[in-house]
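Just below sit the structures, each encoded as structure tokens.
Here subunit A shows up in two complexes: once beside subunit B, once beside subunit C.
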Partner chain A sequence: MTSEVVAASGVDRARLLAWLRDYGVYAAIVLLVVVATSLHPAFLSVGNLRVQAFQLVPTLFVSLGMALVIATEGVDLSVGAVIALAASLIPLYLGYNAWIAIALCVVGGAIAGTVSGLMVAVAKVQPIVATLALMIGLRGVAVIFNGNQAKPVNDPVLGAIGLNSVGGVPIVVIAAVVVVLIVLFVVRRTTFGRQLVAVGDNRAASALAGLPVRRVLLTVYIVSGVLAALAGVLLVGHGAEADPATQGLNIELAAITAVVVGGTPLTGGRIRVLGTVAGALFMQLLSATLIQHDVPNSYAQMAEAVIICLAVYAARDRSGR
Partner chain B sequence: MTITSLTTANPETPPPVFLPSRRDRILGRIQNQGAFAVLILVVVIASIGSPGFASGANILSILVGNAYPALLALGMTFVIISGGIDLSVGSVFALGGVLASYGASHGGILLALALPIVVAALIGLAQGLMVARAGMAPFIVTLAGMLFARGLLQAISHEGQTTYEVPAGSAFLKLGQGNWAPIVTVAVLFVLGGLVLARSRFGHNVYAVGGNENAATLMGVAVRRTKVWVYVLSAVLAGVAGLLNASSLGSGVTAIGVGYELTAIAVTVIGGTLLSGGAGSVLGTVAGVLLLAVIQNLIGQYISQYGSSASAAVNGAFLAVVVLLQTYLSRARRIT
Partner chain C sequence: MTATAPGPDAGAPLLDVAGVGKSFPGVRALREASLALRPGRVHALVGENGAGKSTLIKVITGVYRPDSGRITLAGNEVSFDTPLDAQHAGISTIYQEVNLVPLMSVARNLFLGREPRRFGLVDVRAMNAKAAEILADYGVDIGVSGVARPLGSLGLGAQQMVAIARAIQLAARVVIMDEPTSSLERREVLTLFGVIRRLREAGIAVLYVSHRLDELYTICDDVTVLRDGAVVHTGELAELDRLRLVSLMLGRDMSQLRREGVTAFGEHDADEDVEPVLTAENLTIRPKLHGVSLKIRPGEVLGLGGLLGSGRSETAKAIAGGLKRDSGTVTVGGKRLRRGTSAEAVRAGVVMLPEDRKAEGLIPSLSVRQNIVLAALPRLSRFGLVSTTKQDEIVDYFVDRLKIKAASPDQKVSELSGGNQQKVLLARWLCLHPKVLLLDEPTRGIDVGAKAEVQKLIDEFAEEGLGVLLISSELEELIEGSDRVLVLRDGIAVAELTGAQVSEPELLRALASEPTAGIDGENADD
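Right after this comes the complex of A and B.
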């Protein structure tokens, strides 16, 4: 009798946790929006949503790359440094043409991604250290490139990308939607998407099954680097300033948080693209709500820490591996 | 294609043997104490090439300047050998300093000592339990710990606006000031840490847990308890480092410790501790700490214009080279 009750509640608990892992972040967003709007009706105003969108999109770019990397059981700590690199390259090459500067940022991000990808895929260095080395070193290089101080960037093209809207929708939001759709398509509909998850689930078995493990890993880190560089372009364009010393600082933490809160386990082998979008959105709206209600930054930070722990607890792997 | 590359990745790897061959022993020695060799090399070159380097004052400044942050690397050595990682130490370091000066200004030396140690231990305990009991990834748990500790110290210091000063004449100030107190305190803690890791049952358990958790469980090692203690130890060392630092500065600086966890990880890895766990030594970490300190000192002397960014660039490059070498060396020694 008692054991039946225990067993039943055990099943319910497991189902509840599984549901929380898969859909908890969406429920949390709905809850947050309801609470925030009832406290402060202007929360859902167009003006506020636009402000949130401009802050969200760079983190979202980085988070999508991070989700791909984490799905392969890796992590990319270098994304913030890649943003710094982009911020240092833009003022150097803006003189030629804004598009050339942007293209060079993308190339820089791809090179950084290649370096960490080669270290992970070929040299089999652990992703944390490989990208940690870049994280520490690359920002230093970027600051030296830039000459140790923030530079104003007043370029019509970059400014338009970072600030303008088409039909009321900010260009950055359109760009984000396009990137999300591409990533979603790649993950769900292509061979590469299947290989990505297989490599993250079991690298040795994937190699034995004949999957191009090295190519998959390399690609993932390059994509992460390119997306981070694009995020850097958006940040510079939106802020009209290039400051490699501070831009993109700690964005790797925000991105990892978004991925984990969105239900992608750090142990790899699964990826949730829309969950990642929702995770990034939730963390952005949460911090915005707390700031709007004058909650000190310190308590907001502690709340964030608790939420990360709860999300990881819900998403942890219970299959006993 | 991939199958061949997988199986032929180490064509010369000898079949597993029970006694290490001479080649294995030499490679192992390089991996364990390579940082010392490089350190000696750098020091010799610097002493010949740069007249100011070998002066007593300069060496003293290198040692004093890096003494307290080195304690973070000591704790990190334990954590990494156990197969984990602790990203929270930089924040706990800062928190320890703020709590110590808060304690010194509100209750005297006893409170100044007890407050940071107890709070750091609690943070370490919470992290350890989440890692060991709930099976959550150390990386993300301590990342949350890093945010939490930073938030807590901001809350205590009213968003960084209140800097607690240690009252002049407080006995707490005698703890960490001067040139010799930091060096001696840190040296003693390192010796103790080295002895615990190399000679005690707890130290052996740390190696066992990091080397092969399942095997450790089967051998009867208290895996969970060992892991919890490792995180408590790391947090307490970070708190103590912050406390001593606050004593030497005379106040609880809030904007300190950012990125210290990365330096601690970097010097630990440069010192020969494998991030995959199960191998490493306190002596190696000492070499790693000194090596980066010496390099930063040289950078400061010659390209001081870009001081911190140049040393960051060098640190990153150094870490990458060391990690690649380590991976090569550990693969040359055995199939992993």
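Right after this comes the complex of A and C.
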């Protein structure tokens, strides 16, 4: 091989990796759907898609909040515990009115987000430590609130939100589309969206440029907390049960995976909203396919690990430093 | 090159560096550099940024291997592969930043690797007692209970003292101090000088690197001046007056006349009677800045002169909110800036072009367009929505006016050349219609063409009524660009040059001036 060929293949490799980072997740979804459908034609059936959607949406809510936090070079490990908090608040306040219970979940999520946001933005605690503290503490609080047991939740409003459809489309899917559009709009068109990326990319420069760095950081953690609380409402409604000890367990890891597979680097300064949606969708379909084909869970986990490694490799910073 | 005969009390050199050269890709960091340290003498090593001081120290201490030349220690040729080798041979180095373990106890840090042992275990009691005794000698009087606490609980100055004590305890024959006083308070500096004098009496050779002329003349016997990687002078310090020393460092011959028209600056005069747009009083950031006051009038370029480490950047940052002020006030257009944050300064129309473009200016992943409007976003938005029309208008105007060369405004800013990046940052501030522009080394690291353009722009903006603060290490740029020059030394304003005084000889004289009792208070001399 001559040196020219080597150089050319080097450029091609860089281009391939960039393409993988930007579009790999979409291609992976198409590939997965084709393979899964050919093995098992019922994969694309309405019934199966509905099942997948109900499982996907709560993770998607959490992933969108996570993407915002990760874009600021942070991470929010407390989202699972916020779901548990929501699950513990619902049975407590359902007696008044389902909407009041939901509103209180949102308030609870916002408060949790404010706590981690203040720790990160004002006290300058590392995001992973600040939200880890909340992740551990908050679930404990939630379990105590709930009297340490799972409670059945039979409420017509929550049940409708969690299970019903409008024109054949589950309400959770409609809610998810609305939330995705809002986040997309905020990120692409608003001042806040710009500032978010700037703060994540170069905080010192953003501060010197007079950007409201603290406000941006505080906001992303609050948004992440609220989205997690809403995910908790959906989980409780869909499962007709409030169980703070197990609901939302490990969802922070699924969300981080979705964000990374979707092409948002953990180093911040970049956010891909649709990529995150695709990342969450791909991970959901992958595990569903493997389970449908009776692949043992341990192998499914290994497959997920390979995907994560590939995504991180493709998204690696190649600016030459 | 002036080589002076060694003084009467100087013996054969203990450490002799002869004709050392070292190159890095694209740079010749050292050319035939020589240095002779004699036992019982304190040797000053001076030079401006990029003169090769750090490279020379790293060659001596085994961090770098020299490309050419010889190093002899006590008559034997040596070649160190690692800093540890150099340490074992008796060369101890104290760096600018403390490099010890903050979570370990003070005593542990002092004895790291050589702890007193008893029955194979560390004898903590003996270690602490000895540590307390040693440190008391260095003015760190914290007792046996104090040395058992983590190093990180001490102040920065005390930590530096522990580092120094540790280095000297390592049975050193040669001690290298790289700006040891940059984080020390005045009192601690005096203690350090006491320590250095004891080292001198003990026959140890000391290499002392500092930009503070007062310190050099207080404690050093010999001096070596580096410029552009080469030794331009070596000899006894007492035979070299301050003015000569500064001229040598900056590469200026006093007889050499100022060359006109080297830079792209024109002449303009600011009206003396106009009210200042910015007034800063008694800016203090300990231990780097002590009560600096300045005024900038609209349409005026105020130059800030001084050697490296004199507090120029700190002054600009104290005004722009980039560093927290310990005390002092900043008033813009009659209004006090009370919070001292960047956001407040920007709102008041005070903006700063930082010295380090990459770390403190650019948002690399954003486009040229987005970088330009970053600070102006709130003004281009309604209800938090960015108006693309207004944004594009502004971007087009500044790309055109500043002649920013980019494939398109949507190109990533990190792909532009240094000069164009600098223009993007200028545009970011200019689209806010600021009142005061603080420029910290605005033309550093950009090519000649872009440099002339930036200089011309600075002129134009001053013409349009902006107040400008200009920091530059290049004498021509400072002299020709400024209407007035405020000269800083060791964080204190020592002179102000106005009118015809704004010239190289006057500036050099101010840089080299002796401390006056009124400003500096105590003199370190004994």
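Worth pointing out:
Methods note: the second predicted complex is superposed on the first by the 318 of 321 C-alpha atoms of A that agree within 3 Å, B and C clash if a C-alpha of one lies under 4 Å from a C-alpha of the other, contacts with A are read in each partner's own complex, and residues count from 1 in each chain.
By definition in this document, contacts are C-beta pairs under 8 Å (C-beta built on N, C-alpha and C of every residue); 3 or more make two chains touch, one makes a residue touch a chain.
Remember, it's a predicted structure, so these values are computed and weren't measured experimentally.
Aligning the shared subunit A places subunit B and subunit C in steric conflict. When the two structures are aligned on the shared chain, A:Gln284 is found in touch with neither subunit B nor subunit C. In the superposition on chain A, A:Thr276 makes contact with neither subunit B nor subunit C.
Touched residues of subunit A, counted separately for subunit B and subunit C, are more numerous for B.
In the superposed model, A:Gly210 makes contact with both subunit B and subunit C. Legend: residue contacts after superposition of the two complexes on their common chain; A:Ser224 is shown touching neither subunit B nor subunit C. In the superposition on chain A, A:Ala300 makes contact with subunit B only, not with subunit C. Using the contact criterion defined above for the overlaid structures, shared-chain residue A:Ile136 touches subunit B, although it does not reach subunit C. Judged by the touch definition given at the top, the superposed model places A:Ile308 against subunit B, while subunit C stays out of reach. Using the contact criterion defined above for the overlaid structures, shared-chain residue A:Met119 touches subunit B, although it does not reach subunit C.
Superposing on chain A, the segment of subunit B with clashing C-alpha atoms against subunit C, chosen from 19-27, 37-45, 253-261 or 289-297, turns out to be 19-27. Residues 204, 207-208, 210-212 of subunit A contact both subunit B in one complex and subunit C in the other.
Those residues of subunit A whose C-beta lies close enough to touch subunit B in the complex are 75, 119, 123-126, 128-130, 132-141, 143-144, 148, 204, 207-208, 210-214, 245, 253, 256-257, 260, 266-267, 296-302, 304-306, 308-309, 312-313, 316-317.
The touching residues of subunit C, counted against subunit A in their complex, run 320, 322, 342-343, 345-347, 352, 354, 359-366, 370, 374-375, 377-378, 381, 384-386, 414, 428. By the touch rule above, subunit B contacts subunit A in their complex via residues 1-3, 5-6, 85, 130, 134-137, 139-141, 143-145, 147-148, 150-155, 159, 262, 265-266, 269, 275-276, 305-306, 308-317, 319-320, 323-324, 327-328, 331. Interface residues of subunit A facing subunit C in the complex, by the touch rule stated above, are 189-192, 194-195, 197-198, 201-202, 204-212, 269-270, 319.
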